[in-house]
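The two complexes that follow have chain A in common; it is paired with chain B in the first and with chain C in the second.
And then the complex of A and B:
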């Protein structure tokens, strides 16, 4: 019983992180209709950025989180403005190729700079844990959980309580309708790409504290973001939360009962099952606009 | 006073020309109807006026200024609002969120605009928390017009006022539009397939065919004209 409780708490912590981590992926998918295969590499990029700032400036990854977000935001703007805008309206296939190429580029650039060794960000609180009744709470995991929760709530508020957020949802629901009220979908694409990439890099900070990473871990993270988006159903912050929690439970429980090696494999199986049986996801929503 | 003056407007999609030298005008406070057969370019015309589609040639003067190069956003800001064909509502958002987005170009006046729209369309107030997608056809049309009104327009353009709506609903909508025109002094261009309705609610009308204006005049005169009666009112 205590074991199950412990596993559930771990699932909640990990799942909430996955939810936040995947928000940028599902947002750009829902609003721009772009499946960004480089998304996982953006996350890894964030992890290396946090790593570098920690090594050279002694900056805690939590403190460098806004820097990662800002860097990601600018990268997203740049990527959208100079690459994506050119191919977006041509063929969906071109978009996939382009982001796939970018994924390989980022991974190899990181490999050139940092080499393929596993890196980790050794924060002073890395090993600390506390007993809470029958539960063992690891400080790092709890910290990542709380931050993911706060950041996810912020994204929700952004989308629902601000003009920019409403415009983002409007563009997701009906581009031409958005245009008639005076919203420029092209500007919203830029902003959304910025926010999405910002989220990716920021979540990289958290990922880097949670576990070790190498330049080539991006592909696996893209698959996870993809899974979260499919399971939850594309479209809402709530969807990403549902999908994230699902993935959290899946990984923690298969990891414990079947062994670590099964975690990723189980995710893949579930992803295919969802694609075949329930392509609109658990909540059934489709776009970011849906309330 | 001229509010809108369109001269020799040409437009199309890709290489296909749709509008061929369209010239028309709207006076201040006037309701102008536009009708004509399917595919004659009525919606295309409104899209060009709204800035959603770039014209190939010709001029559009609004309040004595050329607006051909303005973005849709700038045109809405200056008072040109469109309730599009197919309504183009944000179906997954609430009624109120749809209306609020209509005030995109006047973010500081959301509250008073909402009050005004709700006073014309009380059922939108009752349904303000419902999803736009859950409204009836008539309510969706009200929302579409209400969303356009949120920008505080001087020129309101409505594409297909009555399409798919029950006669009683259409009658109410027409009544509300006339009230809005009277109380707010808003000019309108109404694209309407139902020619008797179009002529009933308008001061003047233009008849489109194959991308050209083939007839125009005061609505009461057009109502009496034989060609119009035979072609569009099925009166023999």
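And then the complex of A and C:
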């Protein structure tokens, strides 16, 4: 019983992180209709950024979160303006090829700079933990959980309580309709891409605190973000949370009962099942605009 | 093609009438194993000087002065294979001293076997080398299962006696072999194995394993993996407040980077190592282990590590076999290697029919005050046990 409780807590912590991590992916997919295969590499880019700031400036990865987000935001603007805009109106296949190439490019650039060694951000509280009755709560996981929760809530508020957020949802729902009421979809694309990439890099900070990383870990993270979006359903912050928690439970429990080696395999099986049986995900909904 | 002929004839003050026995070695002087390759060469060179200063190798009634032809394999197994072929075919050398690295040794072994030459090596610890049915390959490094076995051997001698053990391992050939070695030995010694589980290569979060270990509260935790895994295991044991009496890791503890990566948390972790200067054995050339360490220190200005010791031991085994055979015939020398059971500074050297050493234990070190000290089978210091809780 204690063990199950412990596993549930682990699932909750990990799942909340997955939810936040996947928001950017789901947002760009839902609003821009771009499946960004480089998304995982953006996350890893964020992890290396936090790592570098930690090594050279002694900056705690939590403190460098805003920096990562801003850096990601600018990068997102740049990619959207100079790359995505060129192919967005062509066949969807072109976008896939472009982001796939971007993924390879980022991974190999990181590999050139940092080599393939596994890096980790060794914060002073990395090994601290607290006993809570029969449970053991590790400090980094709790920290990442709380931060993911706050940041996810912020994204929710942004989308629902601000003019920009409402404009983003309007564009997601109906591009031409949005244009007629004075929202420029092109501008919204830029902003959404910025926010999405910002979320990716910021979650990289958290990822780097949670575990070690190499330049080539991006692919697996893309698959996870994809899975969260498929399972939860594309389109709402709530869907990403549902998908994230689902993936957290799935990974933790298969890891424990079947062995670590089964985690990824089980995720993929589940993803296939969802695509076949419930393609709109747990919560349904396709667009960020639907309420 | 950069092929460096590193050492040619070192003309010691010996009479020119003497005959010369040429040995060959393809060792890494450049590339990722450059450091280990150089240490291995030092081991060979120290042996060569010693033998030559004593009048050379005695074969029947003749004495041969030793020369070693070196080529740089650039840390690339394919190059090793080519160079060993060159040593045998072009240079006409029948006795090969091994390269550094399991992959390099493995590559060399196939060539040596093909041409019916003979290789004694102190540079590869993979069990794979001995599973090919090769007849002409001998090695003085303990193979992977011994990494696990010797940790258990040490654990069971400690008081209060441990009763339960958890073994976790990375799923690659070396680590799995090491873990199985520990598993078998633990069962033989009557320890209860409460967990034996692998995790995928490159895993960066072992939480689910840690939750299991935490629930089972084993006295002994053995981790078989590579350097990064060892660091991760220590960190996560601490993170989950798991305090076994004995933590043994197959790879990591003897390397300075281990203490650097973990700081205080590295304290009291055990790890096996091929050879340690704390060994105490008699030796036909150097008197004893201490004599070997001093000769090495005198020549190179630092203490020998197991890389150099392995080189010297491999060369010495070859020398003893040649002298006992009284001929340079490969088959007869091979037979003497199979019959051998001789005490050297390195430990007792004796091989099974596959050519791997079976007569020597590995040393086990424990990190004490930031330094690895040998605690088994010879004691530089008393092992600290049970291990104090994490700070």
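As a convention for this text, the second predicted complex is superposed on the first by the 291 of 291 C-alpha atoms of A that agree within 3 Å, B and C clash if a C-alpha of one lies under 4 Å from a C-alpha of the other, contacts with A are read in each partner's own complex, and residues count from 1 in each chain.
One rule holds for everything that comes next: a contact is a pair of C-beta atoms (placed from the backbone, for glycine too) under 8 Å apart; a residue touches a chain by one contact, two chains touch by 3 or more.
Here the structure is a predicted model, which is why all the values come from computation and not from measurement.
Once chain A of one complex is fitted onto chain A of the other, the partner contacts of A:114 are absent, as it touches neither chain B nor chain C. Of the two partner chains placed by the overlay, only chain B lies in contact with A:182; chain C stays clear of it. By the touch criterion stated above, A:131 is placed in contact with chain C alone, chain B being left untouched. Once the two complexes are overlaid on the shared chain, A:173 sits against chain B while remaining clear of chain C. Once the two complexes are laid over each other on the shared chain, residue contacts for A:156 go to neither chain B nor chain C.
Applying the stated contact rule after C-alpha superposition, one finds that A:100 touches neither chain B nor chain C. Comparing which residues of chain A touch chain B with which touch chain C, the overlap is empty. Residues 2-3, 6-7, 10, 118, 120, 126-129, 131, 136, 138, 210-214, 252, 255-256, 259-261 of chain A are the ones touching chain C in the complex. In the complex of the two chains, the chain A residues touching chain B come out as 163, 166-167, 169-170, 173-174, 176-184, 285-287, 289-291. Taken in their complex, chain C has these residues touching chain A: 171, 197-200, 202-209, 211-212, 214-215, 228, 232, 235, 238-241, 265, 390. Residues 50, 52, 71-73, 75-77, 81-82, 84, 87-94, 97, 100-102, 104-105, 107, 131, 147-148, 151 of chain B touch chain A in their complex.
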